[in-house]
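Naming follows writing order (A, B and C), and every chain is counted from residue 1.
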Amino acid sequence: MATEPLPLQKNAATAAEDVVPVAVSKDEGHPLVRFDKVVKRYGDHTVLDELDFTVERGEHVTLIGPSGSGKTTILRLLMTLERVSDGVIWINGEPLTHIRGQDGSLKPASEKHLRAARRKIGMVFQQFNLFPNMKVLQNITEAPVNVLGMDRDKAEARARELLELVGLSGKVDAHPSQLSGGQQQRVAIARALAMEPEILLLDEVTSALDPELVAGVLELLSDIARNTDITMLCVTHEMNFARDVSEKVLMFDAGRVVESGSPEKIFTDPSHERTREFLNAVL
Amino acid sequence: MNDFFSAFADDLPQLRSGLWVTLEATVFGALAALLLSFVLGLMSLSRLMLSRGVSRVVVEFFRGTSLYVQLFWLYYAMPQLTGYELTPVLCGVLAFGLNYGAYGAEVVRGAVNSVPRGQYEAALALNMSPLHRMRKVILPQAWVQMIPSFTNLLIQLLKATPLLWLISAADLMTAIEKLRSRTGETLTAYATLLVCYFVLAYALTLLMNLLERSAKRRLGLAAGGKSLLKSRSAVSAAQAGGAR
Amino acid sequence: MTKDFDWGAVGDAFPLLLDGFWTTLLATVFGTLVAAVLGLAIAVAGRAPSRLVTVPVKAVMEFIRSTPLIVQLVGAAALFTSVEPLTVGIVVLGVHYATYTSEVYRAGIDAVPKGQWEACRALSLTPRRTWQAVILPQAVRNVVPALGNYAISMFKETPFLAVITVHEMVFQARDYGTKHFVYTEVFTLAGLIFLVASYPTSLLMRKLEKRLGH
């Protein structure tokens, strides 16, 4: 589990590719994330409609689309904050949402299974969600110490390194409420990284920030994307971010992938009418 | 009136022990109520239907049957039924604990539910266990929300302690009642008694406000200096609605 | 020492308790009426333009609210010996709870938008008309569930009246218990009657609260 902490290094295998084909053929081994006919319904309302897509290891994928198109739901399903209504999510060839029975059949996952499955996944939220009852340092060390069982001194040393990475070395003993939105989000990013996730989910992480603070956070995330082999899934309205950070953009509408491709392709030459409409509206 | 106060001075030891009994019943009753509030309140938030059901029944039972009846039941009926006899003060502590604990359970439940959902989600995203989430993330934040309502309940509990007089527990009311019947100074006696309770209530409110301030500070929330002196009732009586 | 539960005593005491229950109910209804009317008056007085009115009103409210009902009852009964205990009880209950209901009204009045007051001034309505025609109709609408909840609380505190020899339910229970030495049965019965009467009422209030969108 313990990868080399810092300095963050990029995985050589994924360095070369810019454009990744959408449909990965199954005999190439397991994609890191695979949505297999995933359905999510709230009552009568279907948010995700038999959704299929894959994310390869080390890929940085941006999900775009009009609000209500189900982008955030995808992240929430991956984080197991919600359960699928139908279909299966696979992580590295193992079912996330289900348990494989003796006969190979799939049963809905227990809380215990979810806890184990969650270990590889981290998330940063739109509203930061720092714990106000803990100082900055404890926000970052709480889970490594008490969930991963990391030695406290080691966890604190690592937390300080991460705080330096996000540019907040001076705020170790601050209360979250004393920080600006941008600073809080940086701490939240450090907190997620401290758990050494293989997959990092970023849910509109700049939407709640004042405009002048957005650029700094985006730059930080670009750095992380460049210098680590963490797989990233981002939901964002920042098209710059999509262009700078990700190799792949998925355009969603009404719970389905309308179009996917490299940022250049999607932004300069979208092949789908819905994508064109959406980009015209936001750019 | 001078008669009363000279008698007051003579009876000072009895008055002091009466005050002690009142404080004892208040403090231990409140601690029992606090414990029960958390047990019943957390049970009501459980995923298990049985646990929620038991909590619901206990809460409704002790809210629905009058405190007065509960106290009398413990004092008069329980010895007859079981053969166990509790001291009057213990009856009081138990009855206060059960009755106010039932009200407190609703406070705990409401406060836990008022912690933003994002906090729960962030804790889950860090893979914390349910117990860990509750202990380290949810409860410390809910606690701040609970204090004003608990203050309200504490004062209500203090105001219920003169019931001890009815089960001959030698509390403050009993002590002053004795003075009254000896001196015949009805007005002075009851006025003194009321002032005593007012001072006690105010002191307790002040203590609770201090507690609230320190709890808020731990969350990094600024609490204005004025809030220490704010009266409990004006803040929470209206919003508590039918809290009691 | 221990005795078996005596069902005969339950049957025996039941009519007596029921008799007391009517007094309990009577005290609750009239006590609530006093609290509802007086509470409104206090809330309006609290908005008086002069601090000569508002400060003493606030101080007295604070004092009554912070001191035990039972001491107030016993004190009032001892001072007004010529008045019937039930009347004393109703008035003291009503005044005590008025200090709570006034807060409910106050919150309701505070919730009326400032523009409403300004509009009244712009139309040069008299203070009386302002309150009567504009402010109170808006303020009072949402206070019904809260008043109902206080009525239920009061209902459960009416046994305090036994202390000043009002023959309400618990007085009857205690009386019967002392005479026949059957406390378990009568107090259990009294408790159950309280539960049976108060639980459905509080459910009703919760429903009402939900409907009014609190």
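FYI, a contact is a pair of C-beta atoms (placed from the backbone, for glycine too) under 8 Å apart; a residue touches a chain by one contact, two chains touch by 3 or more.
Keep in mind it's a predicted model, so treat the numbers as computed, not measured.
*Asks:* Of every pair of chains, which is linked by the largest number of C-beta contacts?
*Replies:* Ranked by contacting C-beta pairs, first place goes to B-C.
*Asks:* Name the chain whose C-alpha centroid is farthest from the C-alpha centroid of chain B.
*Replies:* So the farthest one, by centre of C-alpha atoms, is A.
*Asks:* As a quick test, compute the distance in whole Å between the mean CA positions of chain A and chain B.
*Replies:* It comes to 47 Å between the two C-alpha centres.
*Asks:* Chain B to chain C: how many Å between their CA centres?
*Replies:* Here the centre of chain C sits 20 Å away from the centre of chain B.
*Asks:* In whole angstrom, what separates the CA-based centres of chain A and chain C?
*Replies:* Computed from C-alpha means, the inter-chain centre distance equals 56 Å.
*Asks:* Can you tell me which positions in chain C touch chain B when the two form their complex?
*Replies:* My answer: residues 1-3, 5, 61-63, 65-72, 74-75, 78-79, 99-100, 103-104, 106-107, 145-146, 148-150, 152-153, 156-157, 159-160, 162-163, 170, 173-174, 177, 181-185, 187-188, 190-192, 194-195, 198-199, 202, 205, 209, 214.
*Asks:* Under the definition above, what is the set of chain A residues touching chain B in their complex?
*Replies:* So the residues of chain A in touch with chain B come to 79-81, 111, 115, 118-119, 121-123, 125, 127, 129-134, 142-143, 146-147, 175-178, 188, 191-192, 195.
*Asks:* Give every residue of chain B touching chain C within the complex, in rising order.
*Replies:* It is residues 60-61, 63-70, 72-73, 76-83, 155, 158-163, 165-166, 173, 177, 180, 186-187, 190-191, 193-194, 197-198, 201-202, 231, 233-234, 237-239, 241-242, 244 of chain B that touch chain C.
*Asks:* Going by the contact rule set out above, which residues of chain B touch chain A in the complex?
*Replies:* 116, 118-119, 121-130, 132, 136-137, 140-141, 218-221
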